[in-house]
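The chains carry the letters A, B, C and D, assigned in the order they are written, with residues numbered from 1 in each.
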Amino acid sequence: MTYVRPKFRHPELPKNKLGYSVDYYEGALSTLCAGCGHDSISAAIVQSCFDLNIEPHRLAKLSGIGCSSKTPAYFLSNSHGFNSVHGRMPSVATGANLANRDLIYLGVSGDGDSASIGMGQFVHVVRRNLNMVYIVMNNGCYGLTKGQDSATADMGSKNKSGKTNLFESIDLASLAIELGAGFVAQSFSGDKSQMIPLIKAAMNHPGFAFINVISPCVTFNNNVGSTKSYDYVRQHIEATSTIDFVPEMAEITTKYEEGSTATVKMHDGSSMVLSKLEENWDPTNRHSAINAMQSAKERGEILTGMLFVDGDSQDLHHVIQTSDTPLNILTERDLCPGSIALEDINASLR
Amino acid sequence: MTYVRPKFRHPELPKNKLGYSVDYYEGALSTLCAGCGHDSISAAIVQSCFDLNIEPHRLAKLSGIGCSSKTPAYFLSNSHGFNSVHGRMPSVATGANLANRDLIYLGVSGDGDSASIGMGQFVHVVRRNLNMVYIVMNNGCYGLTKGQDSATADMGSKNKSGKTNLFESIDLASLAIELGAGFVAQSFSGDKSQMIPLIKAAMNHPGFAFINVISPCVTFNNNVGSTKSYDYVRQHIEATSTIDFVPEMAEITTKYEEGSTATVKMHDGSSMVLSKLEENWDPTNRHSAINAMQSAKERGEILTGMLFVDGDSQDLHHVIQTSDTPLNILTERDLCPGSIALEDINASLR
Amino acid sequence: MIDVQRSGPSTGMPTRTQQSDVLEAAYASHGDTKHILLFPSTPRECFEMTADAFDLAEQIQTPVIMLTDLDLGMNDHLSEPFVWDDNRKYKRGKVLNAEELDKIKRFGRYLDVDGDGIPYRTIPGTHPTKGSFFTRGTSRDEYAAYTEDSGAYQKNMDRLMVKWETSKSLVPKPFSYPTNKGNACGILFFGTSTYSSEEAMDMLKEENVFVDAMRIRAFPFNQDVNAFIDSHETIFVIEQNRDAQMRSLLMIELQASPQKLIPILNYDGMPITANQIFKEIKQHLTNTK
Amino acid sequence: MIDVQRSGPSTGMPTRTQQSDVLEAAYASHGDTKHILLFPSTPRECFEMTADAFDLAEQIQTPVIMLTDLDLGMNDHLSEPFVWDDNRKYKRGKVLNAEELDKIKRFGRYLDVDGDGIPYRTIPGTHPTKGSFFTRGTSRDEYAAYTEDSGAYQKNMDRLMVKWETSKSLVPKPFSYPTNKGNACGILFFGTSTYSSEEAMDMLKEENVFVDAMRIRAFPFNQDVNAFIDSHETIFVIEQNRDAQMRSLLMIELQASPQKLIPILNYDGMPITANQIFKEIKQHLTNTK
């Protein structure tokens, strides 16, 4: 790869509380196609981590295989990264999270990686409520192998070669809600102002936080007839609400219209203020969220924004009551029952 | 195994149209625990095939691994069978069905086999709308390895050793509806009168037909506190409707109460007459079925019977437009484009 | 199954070639397991062996793995035109139809009727009352019934070895290069090491070094491979992996002496060069003079 | 990873024993791959080797597979009491902490600093600005950066071979039975073939047949195994599988001559008997007299 990133940066880039400017959160220059939606999502991740004052070494980024799964090379170059095998990112995330509950885990996947080869892992990482942010960069096609329809391609959608997809699409967001996920959002790579508060809120959610981002493949699935093209998505998205993420300590200063606002408190004291656009929808009620998704489907619309959030979510460590100290810094003293306990076991077998 | 089935059968067992009595549809003697719900399901399969006048050699039975997956040895001994590896029955069924679209495919699986190791396969066989009946014998535990909680165990349910399950259960029927299955039913191994018409209707449905049968594990999950015990299930089931399966040609003779009856025509001319017990539920409307399931969940009830049926379902062969002749009897003449076509390919590469 | 081998292990080098799945493919799976492998060396052979692989899979009733590589799979090659014989018939192997089933007293799915280790099979739906059976991963008797009887299990494992022997004469024979007989050295190679090996032979010839040569085309090894090894003092085994995997197969399956089999290995992801082969053979012959 | 081997392949015999995953486990995965294997022969050794396996996995930075079998895993055994040394420390291997990272100029995840093929690693979250890296399945350079450079790839593959050599002295040594030296025959065995092999030695002794014996406890083979093979004319390799899988490993890894390695095999699902071993050794010695 011969890409060279221009070295020049404005010397007075603003710094966050940690003293880092936004470029400290960037990664290597992307080798994805120019205009790829995935790069916008990477940029939103960079901005969110900068805004949230995250220490990069306290975050682990993980992925599977595919165009989307290449992106961890393109953001947060000062964080640990793990590019796992196809569809198996959740297993690696689960192992890492169990070893050290104190890091922030950011998983990035694609529709091929999550909805096909990794479907079993996806379902079970939802069920286990692993404390992680799981972003699917969803373009409805296999970009890395030249644009075949994926399992999230909509029935009737046309791909670049003019072929119509004959199968029902898998709706990952609805699936996550049905499976009991405590935080489910949907967004569009063209809407950075929506993505950023969602990513921030997801990072503050104590459990599995899923964001399905429709991210058009400019090279193989941006044609007329595709329901994952920029134009189509832009024309068919309908937001549940506008979202403000209000960090801990900050005062809620924006004025919201009476009656249409829901404030969701996050576990660390921060809040998400949702200004509802969708009627008959309660973001904290699973059944209501399912109804909103079904209704949008019936109207042929793509519902974006916060879809469902469970304020009482308890992550895997709480459920299985592991020690507060991360397991990977426990020592022989904490872990090994020693010869006396072993003697009891020997005795029980006599 | 030293079990010997008593040889004596009543000499005047009634025969079906093909001249077979019901014992021709039986299998080897079950080696499952006495009282296992799975044996009741096997019996319902036997009765259904007898009633439907199925030629046993025109049916293929398939399974994965587990107690449930052992049952194909215990029914239809005159049918071909395939006991595949864990969670991979859908792949084998897909291959067999593509090779010969003219057989009836009956897949039997368990909650471990379908909801854990086989989740990816389950999701995608639903999506492909493979023409098969897929029965899950669901006991919420791993019976073959002594009763550990499975992924369909309800949160809060207690297993035999007194441990409470801490995880949300995977609701396979809701999942199948969400994923677009065209025929989804739920039943209870203790309710043969409900199972038989459901199995018959499933066998006449032109596409993927899913029946989730709660089937208590008498040995490891029939204790007080378990939500998959006989007593608990009996007390918490609520049927959507009573069901009559009316074969082709037969006249609908039963009288049903005005207004509460829905008749679903099957593709071969047979009908399913549903006498509705659940209000605000339309068995042919997916959104309505999802609502009914959600509402039942909120009431702590298990909805059984027909849940959703799509009368316009078209199976995989229709969708991908394969030949009407089963692929496995096509010959060189039909399949091989021959030297002239090859010469065109050679020419295109010059 | 077609395995277009690239540089491994794991994701390896996604755009570079290697012949390093040989051992894994040969014995893939737990328990005592051996698989049929085919090694094409040209696009035309890929075409022909793919067709052959279907026939072999049905004749031997087993998966067949074609091991090609990125050099063949991704690079442009000059190829002879592909040829198809319109009289060719698909080989379905030992499949019983309804009439044949009628003639049989008792059908045994795993019964070695012909003594070649390959039993007869039936296709579901063939006959109303005969020929159906239950396929299972567990041990079973000749009639497909579950058993944990040691004798029945061992009998089946031995039948599979008989089948393995039978398959040696069914898979493609190795290609022997014309020879003046009596050369002490032989070279063995397969797949995309062919061009470089042939060129190296020419280079050696110019220096008056003559070697016999054989191109392996399938696993299990045909008797000719055995004879080739036996009739030479030294065999250079040319392959594109680090661990001399084909050489390992020759030792395991043909009891060939490790001392006799000199590995010539390239594993940098680029196709092996004639120059490397030429140099290593010359070096070895000089050292052992 | 613990593999309680049963009769294979596929589901095989769910309640019967075998030692038939040896070859599969040793080279599991595509590409040039080798794995550390441990072979316990008693419940106590299962206990001890499991603890050792964790240490080895961290020291060598690789998965370790313990190959036990159903005979050990499902049958009742009389066992010595398990023992634990309370002063034992976990071996974490080469892990850099924050202070150590501060002292290093540039951290290279795959840099062979010590020349033993085992690089240093870091644990996520250790240091605010140093030591983070990107783990990937593709080829990479010593600093964990993506590369398809042939030299960098080959260097890493060669480093892994150096690590393999290093691990030979880290894994459990084979157990040598006391000997009067000078016996022409040796027997090699592992795992649950131990009791029968020992009993067979006693039976042979009664007939004045003396053999040396070694119990293999790990793969890769320690130098002692090599020396044992070299110092005997004939080696009987006793194992519980059809294809003489351990014998294959000895040929591949130690260049042992196939003619020297006489397989004694049992694969009927029942543990191998002393009587079988005794008979086959006597038979062979009689035939070759």
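Note that in this section a contact is a pair of C-beta atoms (placed from the backbone, for glycine too) under 8 Å apart; a residue touches a chain by one contact, two chains touch by 3 or more.
None of the values given here were measured: they were computed from a predicted structure.
Inter-chain contacts peak for the pair C-D. Seen from the Cα centre of chain B, the chain whose own Cα centre is farthest off is D. Centres computed as Cα averages put chain B at a distance of 42 Å from chain C.
Centroids of chain A and chain C (each the mean of its C-alpha atoms) stand 46 Å apart. Once the centre of each chain is set as its mean CA position, chain C and chain D turn out to be 28 Å apart. For chain D, the set of residues that touch two or more other chains comprises 10-11, 136-138.
In chain B, the residues that reach two or more other chains under the touch definition are 85. On the side of chain D, the complex with chain A involves touching residues 79, 81-86, 88-90, 123-129, 131-138, 146.
Across the complex, chain D meets chain C through its residues 5, 7-16, 18, 20-21, 23-24, 27-34, 136-139, 148, 150-151, 153-154, 157, 161, 241-243, 245, 248, 251-252, 255-259, 267-270.
Looking at the complex, you find that chain B touches chain A at residues 116-120, 123-124, 127-129, 151, 166-168, 170-171, 174-175, 178-180, 286-287, 290-291, 294-295, 298, 319-320. Against chain C, the residues of chain B that register as touching in their complex are 1, 55-58, 60, 72-73, 78-85, 96, 100, 102-103, 328, 331-332, 336, 338-339, 342-343, 345-346, 349.
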